[in-house]
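After this come two complexes, each holding chain A, first together with chain B and then together with chain C.
What follows is the complex of A and B.
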């Protein structure tokens, strides 16, 4: 196995089995804590600067069993999976759970985890969601400061600004390298499949940033650019805070489409914004939070001068995507709320689109394949060769 | 029979039936066959193809092109390429009923609502994605539960009152409800009528995803059920057109796609765009039955309107 293949395998392993990665990390970092972070906006740099491994707890794609007793079916698959992880002891690798967002379903899952294991610290922070308010900057700074204090309490150390600045640089370097990969894909490189890219980003959400970047660099050294073929170019939109199931991504490309860009959580949404390095680190983290919604709008934020639909159209224009596939987890309320605007905007622009409502289990792949192929057949007629 | 013109084959290997249609260069149907299967079956598909070719007096070697569709579309030997049922039903139905704007296809295991634009191209589509409610399977459940042959439940339903409560969400639970109604001695005609009403409501929810458009054409095996057509017409508050052979519209569309590629001088397998390059085109006639392609033929009398969401 080449060094690049071995590096990719290491990334894939971390993405798909974070608990093994955590245990390995603990063995080389005795006495240091592991923080489970729930998406989307907790600044992992704070934990990293305190010597804590911050892991964004992924949907581990296991069936929901005992967790069904705690969250009903109308919670999204990710939060029901989190409840199941809590109910079956699969969160035991985390010394604490922190959340900085206000999704009611996510808070429900966090409450399940807190109830089932009262001894594990759980911190519920809420970064302000109304970003145009005059007090937004101040409230963001206050919450970031509170998060810093809570991390210090967990780690038993004081976070120095110099350490925080170093952590910011480490995460920025990793995100920058990831962006190079995604930008290359947008520009016509199809060296990586959607599943490979999802694994690479999901690994970044688990691993130490320097380790991830070194592995990714090894992968890139070993992987030559590959010109995109003539399949229908699609943009994947949605799945704001967890990964779509891998088999869905595989079917998309089997059905005659090629993914050229996305705004998925395990895609561009994670890596699009960097933390400013030229300003004091706490200010920088607060600024990063504000910048994220501009770099890639999120329907959980309210910002009157930022529109997801406009962003999506711009993105489609930049990548040359010929169709958009909406991957909407049942029942993600923010996404449901914004979907009509997205649909209208794409319709107006003449961009074919397909809404796929995803579930944690029981995805009817054959029906999904038929619908995708119909989208591809429809998108073909927009090509100049067939005008 | 021998033919001096080019012949094309369309094969629709669905979940419960295999359909094959042979057409000539003009789009006229030379022969068609429909074979019922237990499930997707190569044997059923071969039988359908053999029967259609035999009826047309042709052999596979005589075919200028073959296109497959349906769940088993990848199993059809000799097909230069396949298209989805969505594209094929739109193509076939638009040719059979020029000017149609909404195609509702109810097959054995799924149902689809497809809007077609002024040129007959697929505009929007919606499919049931995981539930048998509103599909042919739902009617089979009804027929088994009330012990009436499937082909007779429609006539029975037209004689009943449709005011019994039936779940529209799950074919399995609906069976439980039917059994419960039988246990309460409810007339089977009323049960049949109520199930048909419930299925029409389910179909209306599917149509709502793509928008109501007229003229409406119902295809698939369920279209042969007069009560299904009647209750759907009531639900949509408009007439519903039914081609004489509603089960073969997908296969007919597939055959037309093969023919269209041939007309452009391309091998079917190279015709990547397939259905996308078919239009605009003049309305086509077909000779498969009594439907004359006008919006009045096959129309069903309107009943009580049912509003979306109601």
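What follows is the complex of A and C.
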């Protein structure tokens, strides 16, 4: 196996089996803590600077069994999966859970985890979600320093500003390299399949950033740029907190489309904004939170002058996407609320689109394939006849 | 020859006094529908009862959830929900928001709406909703993230032309050991944070309406509201008696007055009459349910399409629904917090006390406390299909009630404002099973 293939295999392993990664990390970092971070905006740099491994708890794609007893079936797949992880002891790899975002479904699942294992610290450091308020900057800064104190309490250390600045650089470097890959895809490179890219980003959400970057660099050294073929270019939009099923990504490409960009949680949403390095680190982290929603708007935030719909149109123009596929996790309320605005904007701009409601289990792949083929057909009709 | 079965005798004895409330509420809406003609500016708002501030700012106010609930209770939600569905709102979205957003869509699309400021005039007959278009939005939603996002989307449906003010409410999660109901550093700091935002809201309203804020009117209306809330609490206390002189369903009928009617003497008189009727029943041995056999706690937001139906159904089984989270732990439920001379802090605290704004630990404390104080035999959880805020902690609460107090519970599916989610056979069979289990337990104990 080439070093690039081995590196990709290591990334894939961390993405698909984070528990083994965590156990291996623990064996080389005795006495150090592992923090389970819930989406979307907790600054992992704070934990990293304290010597803690911050892992964004993924949907582990197991079927929901005992978790059914704790959250209703009309919660989104990610939160039901979290409840199931809590109910079956699959969260025991984490020494604590931190959440910084107020989605009511996410808090519901987090509370299940807290109730089922009262000994493990579960901390909510709620970042302000209404971002136009005159006090938003102050409240964000206050909450970031509370999060810092809480991480210090967990780790039993004081976070030095120099260490925090170093952690910021480490995550920035990793995100920057990821961004290069995504930007290349947007510009016509199809060296990586959507499943490979998803694994690469999902691994970044689990791993130490330096280790991740080194592996990714090894992968890139080994992988030639590949010109994109003539399939219909699509943008994937949605899935705010967890990865869509890999089978679904495969079917999209099999149906005659090629993914050229996205705003998925396990895609561009993760890597779009960097933490500023030229200002004091705590200020920088607060600034990053504000920047994130501008760099990629999120429907869980309220910011009147930032529009996901406009962002999506711009993005479609930048990538030359010919169609948009909305991947909406069933029951995801922020997405359900914002979706008509997206639909209206794309309709007005004449961009073909398809809404796919994704389920945690039992994806009707053949139905999706038929609907995707119809979308591809429609998009083909928009191509100039002589092209 | 066909025979018609005689209807089962009505075993629910609903309070007469709440009917006057219905009249007051109908007059309020009539007044709102003509507010524009009377030169009033109109605010659409969601969340906690912030109407006293609008009253003192000289505005007419429309509570989005209340309007959606009203449409559902009158079985008139269809046209608004259809408009919402056509616009793209998924049927699994909070049905309050989708009904209200449907109204917003109709307002924007309404042929005459643009000129008259009246919601989709062509749909008036079905909607019975001559809802005037907003001049402002104010979001005051605690607990549920959907509440804040919903108003942001209303703002966008109106093409960002209607100014909006958002109040942010910390979720009372209970991070620290000192955290608890009405106590701890988290509670104190959140209270002051929200209070400060109310001060900013008042300045914002003054600037936009051009009206100086009438602080005396705020103090006056909060004095009436505090008194009304005290009377409401007294009435709720009286319902701890066995048999209960009034039920949860009576209190549901009395939500609208406490939630959004103006603070005035009429409001106090109304709650005085409700309280007095309950006292009169106690004095005369009249129960809210004929031959009460079981006492039940109801957890969940109301199923507005089914209010009368559910009240009769439980009564037919001899079940007095004596308390519930949506009643006992909501709507100015801690009037002692209100300082009528300086009411903003107590108001802010009530907004934080929304029954969906607590972590499960506090909800557990409140639920177990109420179950014990009201002598409850079982809990009925309304698994409100599109309201994740209410339903999230329910399974944990059921587990705790069983483990701590030995109280059984059942779940039934329904919704706040979408009748299609209600499944009568499920409620009927589960309720019967729970009552049988309670009978067995009683027999074993005797």
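As a working rule, the second predicted complex is superposed on the first by the 385 of 387 C-alpha atoms of A that agree within 3 Å, B and C clash if a C-alpha of one lies under 4 Å from a C-alpha of the other, contacts with A are read in each partner's own complex, and residues count from 1 in each chain.
Convention: a residue touches a chain if its C-beta (ideal position, glycine included) is under 8 Å from a C-beta of that chain, and two chains touch if they have at least 3 such contacts.
Computed from a predicted model, the values in this text were never measured in an experiment.
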Quiz item: Are chain B and chain C a fit on chain A, or do they clash, once the structures share the same frame?
Solution: fit
Exercise. Check whether A:179 is in contact with chain B, with chain C, with both or with neither, and answer first, second, both or neither.
Key: neither
Practice problem: Give one of first, second, both or neither to describe whether A:120 is in contact with chain B, with chain C, with both, or with none. | Solution: neither
Quiz item: Touching A:330 in the superposition: chain B (first), chain C (second), both, neither?
Solution: second
Quiz item: Is A:246 in contact with chain B, with chain C, with both, or with neither (first, second, both, neither)?
Solution: neither
Quiz item: First (chain B), second (chain C), both or neither: which does A:339 touch?
Solution: second
Self-check item: Touched chain A residues, chain B compared with chain C
Solution: C
Quiz item: Who does A:90 touch here: chain B (first), chain C (second), both, or neither?
Solution: neither
Quiz item: Looking at the overlay, what does A:374 touch: chain B (first), chain C (second), both, or neither?
Solution: first
Practice problem: Look across chain B and chain C in the superposition and give the shortest C-alpha distance you find, in Å. | Solution: 6
Quiz item: Of the residues on chain A, which ones does chain B touch that chain C also touches?
Solution: 357
Quiz item: Can you list the residues on chain C that touch chain A in the complex?
Solution: 87-90, 92-94, 97, 143-146, 148-150, 152-153, 155-156, 160, 164, 166, 168, 170-171, 173, 175, 197, 200, 356, 359-361, 383, 385-386, 388-389, 391-396
Quiz item: Which bits of chain A are touching chain B when the two form their complex?
Solution: 230, 357, 362, 364, 366-368, 370-371, 373-374, 377-378, 380-381, 383, 385-386
Self-check item: Parts of chain A lying in touch with chain C, wherever the complex brings them together
Solution: 69-72, 74-75, 102-105, 107-108, 111-112, 114-115, 123-124, 126, 128-130, 132-135, 139, 150, 299-300, 302, 304, 307, 328, 330-331, 333-334, 336-341, 343-344, 357
Quiz item: How about chain B: which of its residues touch chain A in the complex?
Solution: 71, 83-87, 110, 121-122, 125, 127-130, 272-277
